[in-house]
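Heads up, the next two complexes both have chain A, just with different partners, chain B and then chain C.
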Partner chain A sequence: MSATPSLSQRIDVVAPENEGLWRLLSRCAMATPFVFVLVFFFGPLVWLVLTSLSTHELGSAPRLTFSLEHYRSYLGDPFFLINSVWTTVRLAVLSTLFALVIGYVLAYYIAELPVRQRGLLTSFTVVSLAVNIVIRVFGLNVLLTNNGLLNSSLIWLGLIDRPLRIMYTETGVLIGLVQIAVPYVVLPLIGMLASIDPALREAAASVGASKMRTFWTVTFPLSIPGVIAGTLIVFTLNAAAFAIPAMMGGGRVRMMGMMAYQQASINGNFPFAAAVGICLFLLSLIITIVYLYVVNRKFKAAR
Partner chain B sequence: MTSPGIDIELNGCSKSYGAVPVLDDVSLQVKAGDFVTVLGPSGCGKTTTLRVIGGFITPDVGEVKIRGREVTDLPPYRRNIGVVFQNYALWPHMTVFDNLAFGLRIRKMGREEIAAQVDKSLGMVRLEGLKDRYPRELSGGQQQRVAMARALAIDPEVIILDEPLSNLDRRLREDMRIELKRLQRSLGVTMLFVTHDQEEALSMSDQVVVMHKGRIQQMADPRTVYQRPATAFVARFLGNANFLAGRIERIEGGAALVALDAGGVTPAAFSSPVRAGDPVRIVVRPEWLSILRDPAAGGIRAQVREVIYEGASIRYGLAFPYAGEDLVFVHELVGANTLNPGDEVSVNVSNAVIVTED
Partner chain C sequence: MASIAQTSVPPVVRRRKARRFRWPTGLEIAALIAFLFVVGPIIVVAGAALNADEMAFPPRNLSLRWMIQALQERNFMTGALVSFVVAACASACSTLFALPIALGLRKANTGWARLLSLTFLGPLLVPSVIFALALYQTIMLMFGSSSFLGLFIGHVIVTMPYPIRTITAVTEGLDPALEDAAGSVGAGPVHTFLHVTLPLIKSGVMAGFLFAFITSWNDFSISIFLSPAEFKDQLRWFAHDVMPAFGEARLAAE
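Entry: the complex of A and B
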């Protein structure tokens, strides 16, 4: 036997006395993320559900009565359905569609570039996400107000006589939502498109497919996972949008996030606000599930 | 004018990226029904040649003709050339059937016609019954066959193949060689096959095109390429080659008599013009040399330096006096009379070829 212990022996020497402690610590470390999610995500959600089922009386705290009155008065009222639920769905879906089209073209272009330039433009996209949303809205404001850059250019060019009203209209909010959304579509799509083997497109050309046909039958179906990732992020983000409709809608464009905020902070009706929040959550969930179901059926082989 | 019976023709094609030429004045003709291999190391321009024919690269100068029709500026989808890619490039989101039917649908064939054509093509590569599988559910060999069938299905004028066997394991690769060659012969389809594997090139081809640094070094049938390499590169790239230096003594009846620096005179074949008195390099294949046990037997005197046992044969590394440090290698079948390092022998040269530098 040699005097120096082998590596495995040396490990054994350290282990015995601390073994139990180490095991406990490592278990705790493993559990941390789960505890975090449980406490900071499910906790508030449960609280929100309970609040939405409480009765609201002016001046006193909500009382848990398991009543569905707030849901009934929100979803049962055509005014709310049209002005808030439908506005939210319409704007979220439209902004997702526009962002997808714009983002896809950008991503396609970026993915075709040589690796270095691709990396550069990808980091530009990431940087654009880092700009604070309030600053971005002010930027859009400068561009879109009645005597802003866009309107004065169009008038100068003689294309219009009177400024177009964009700020504080639904169109303005839509532009804002799309602007926020585009990078979220571009990022997953760049990776997806760049990973498609160019030989797959060449093979399509070799059997006679034009560029258009190759795109719709090969490139697009293979990029579906990227499309799904991008659109899901954007849709859920924009369905719950608050800052954009608040700052660009001028109080006239009532998306559900804003509606909940108004109910809670102006009317002090927390249970009603909670009910709106839960409705928003369920709405997003249902639309997402339907969307995934449809896309998966249509492109089930793409992945 | 294109002579009839020429399926693929390149005339003076060059291509460079920036200052780097990848194709340098390449001209070649492929006869209808031939199996032609483009052989060379990586970066020699063989894949570029294939891509020029396929239409994926447009040459800077030169023209490309398929069956006499000029296609130089046509995109791939207007050429009707079957392409088999190195990694097969099967569309992962389509079944085998859809992979084959894709090109047929573009040709607006009827449903039944497509089904019949797909069956026929799969039959050619002996893959019936896998129509509903996705590429990822197939083995490498099966994917290779599907890629082949997809190229065949569109009834192409020619088929070009980019190292299609290089991703298969050795056993399968050798089987596929035989099968591919049999398929090509039975269909009579013209094939241009790109490879870096000399065995593949020699065993399958009617014609071998050896490329190096964007240029064609030699185009000839496999025997000629091996027996009469035109350049030192061709000799080195195909098979084993010993190089010996010498000077031409005289030219006699189509062969040059070369006085070797190592001693002795040997007749050597030549393909480019030579004159008496020229210093030359000759190539001698190991099997063109024989070892005589008696050093005074009249051949070139040599000393055994290395003895390498290879199973059925033994490879001897011999050193010639005045021939530099390079050893000359000779194979011998294993017999009773094995030589040992240090033995003095005499070497007979039965065949030799004068080569130009690369």
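Entry: the complex of A and C
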């Protein structure tokens, strides 16, 4: 009973609020980020496109000639197509899949814990994310080299005779990409999974659904937005990665981000680097759109 | 570490005492392996930084020598301060930008909304070094020189994709009926936003802010191009060496 007067009081305070002013304010709040992105993302993008259409001459600034020579020499060369475009797509997709599986398991476990332990494990994950990539790759290096912790323990257990070669191979790059990516999947998923009403799962169990079936028909479809958020961030990050392929692959695994970086910093060929960058941008964009389209069609009925 | 273990373990022990011993479930084993995979490399580096003389893991001859050396480095402390201020300002700004966008896109026509939300992922889709170079050219064209403002803008644009994505994820699962209910009992839009919408999307906002802060904190490419001259030494130095505990790692990584 005591709540009633305070509620009506509040209505009196709020009701005279100016609807028009609020609408104007929310329009402004929407428009500011749009303009910001328009200027500071599309501005640089236009510069990149123009640069990629310029001619590169050693020792002088790129000259705008609207030639497609860099695209032709990059995409027309089967060596580049197989070595860098296909490697990039394959590693980005595989690392996203592995990171999703590992991250989902971890997030599912953390979300089931009591609140205090959940906070502790979540903060561990955040801390691991806050450590610089260079340092994490360095830790992986210590673990995975020929006489590193992993190889010596496997030999000690008698599982292998000779050390496994992981560093400076594609597997090494893949492990590095997954390691960096897992926290990006875990964090959005924890909140998503923890907010699923337990009554839904109990309802499924009460009508006789097994644990597996409950997971695939109730929990997983409800967590799809979290899955999309995590995988999109991870895929785009890994497709454009340059530090990890450079450090874990020792220059042998040519991902597009690394190629662009090498062309710009070592060869000073900005137009070619810009062309590689634009190709990578379009490639990731197409894969992202297809992915979103497929996921939405598949899970629309479930939601 | 010991105190953390002590505070977290008792509830589990108490709950399981009745059954005495229980084999861990498959999920627990899988989660443990996943967790070790996430923190393993960092534990290794932290252990290595405690070495007295050379790199090795597990460490021999424990010493805090390298940590003290790192903390005494003047560049390190100034760099940390600059990075913290930039990261705090930029991530707060990008989260504030992301909120109305994510909320507004939810009400829009879904097909177009999805395409538009991809626009905000843009800076993630271009390799960071190339984008940093292009952004540097744009800012030079607009302002003529690089300043703190330029650095700030650069950090906002590269951190914005994270809050956009994480907040969109929670708003998609949000039931519009809850907000309508608040409106129907007479709550104004401001009131509804602060007391109904915001608490419901809190987890996404927090995750987005954290991602943004950490991305800005770890960023190297944007900082190297856009830092004003007086910060440059520190930022370049800092990029090799972020956590005080890992002073050693820099020496070995170089």
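Operating definition for what follows: the second predicted complex is superposed on the first by the 260 of 303 C-alpha atoms of A that agree within 3 Å, B and C clash if a C-alpha of one lies under 4 Å from a C-alpha of the other, contacts with A are read in each partner's own complex, and residues count from 1 in each chain.
Here is the rule we use: contacts are C-beta pairs under 8 Å (C-beta built on N, C-alpha and C of every residue); 3 or more make two chains touch, one makes a residue touch a chain.
In this text the structure is predicted, and so the values were computed from the model without any measurement.
Per the definitions stated earlier, placing chain B and chain C onto a shared chain A by superposition produces no clash, and the two fit side by side. Number of chain A residues touched is higher for C, counting chain B against chain C.
In the superposition on chain A, A:F299 makes contact with chain B only, while chain C stays out of contact range.
With both structures placed on the common chain, the touch criterion links A:V89 to neither chain B nor chain C.
By the touch criterion defined above, A:I155 lies against neither chain B nor chain C after alignment on the C-alpha atoms of chain A.
Look at A:A209: by the touch rule set out above, it reaches chain B but stays clear of chain C. Once the two complexes are overlaid on the shared chain, A:L200 sits against chain B while remaining clear of chain C. In the superposition on chain A, contact is made by A:P188 with chain C only, not with chain B.
Contact with both chain B and chain C is seen for A:L222 once the two complexes are overlaid on the shared chain. After superposing both complexes on chain A, the closest C-alpha pair between chain B and chain C lies 7 Å apart. Shared contact residues of chain A with chain B and chain C: 222. Contact residues of chain A toward chain C in the complex are 7, 10-11, 14-15, 17, 19, 22, 26, 29-30, 32-34, 36-37, 39-41, 43-45, 47-48, 51, 102-103, 105-106, 108-110, 114, 116-117, 120-121, 124-140, 142-143, 149, 179, 182-184, 186-188, 190-192, 194-195, 222, 225-226, 228-229, 232-233, 236-237, 239-240, 242, 256-257, 260-261, 264-265, 270, 273-274, 276-277, 280-281, 284-285, 288-289, 292, 296. Listed in rising order, the residues of chain B touching chain A in the complex are 54-56, 75-83, 85-87, 89-95, 102-103, 106-107, 134, 150-151, 153-154.
Contacts from chain C toward chain A in the complex involve residues 4, 8, 11-12, 27-28, 30-31, 34-35, 37-45, 48, 55, 57, 97-101, 104, 114-115, 118-131, 133-135, 137-138, 142, 153-154, 156-157, 160-162, 165-166, 168-170, 172-173, 185-191, 203-204, 206-207, 210-211, 214, 217-218, 239-243, 246, 249, 252-253. Taken together, the chain A residues at the contact with chain B in this complex read 197, 199-200, 202-210, 213, 217-218, 221-222, 299, 301-303.
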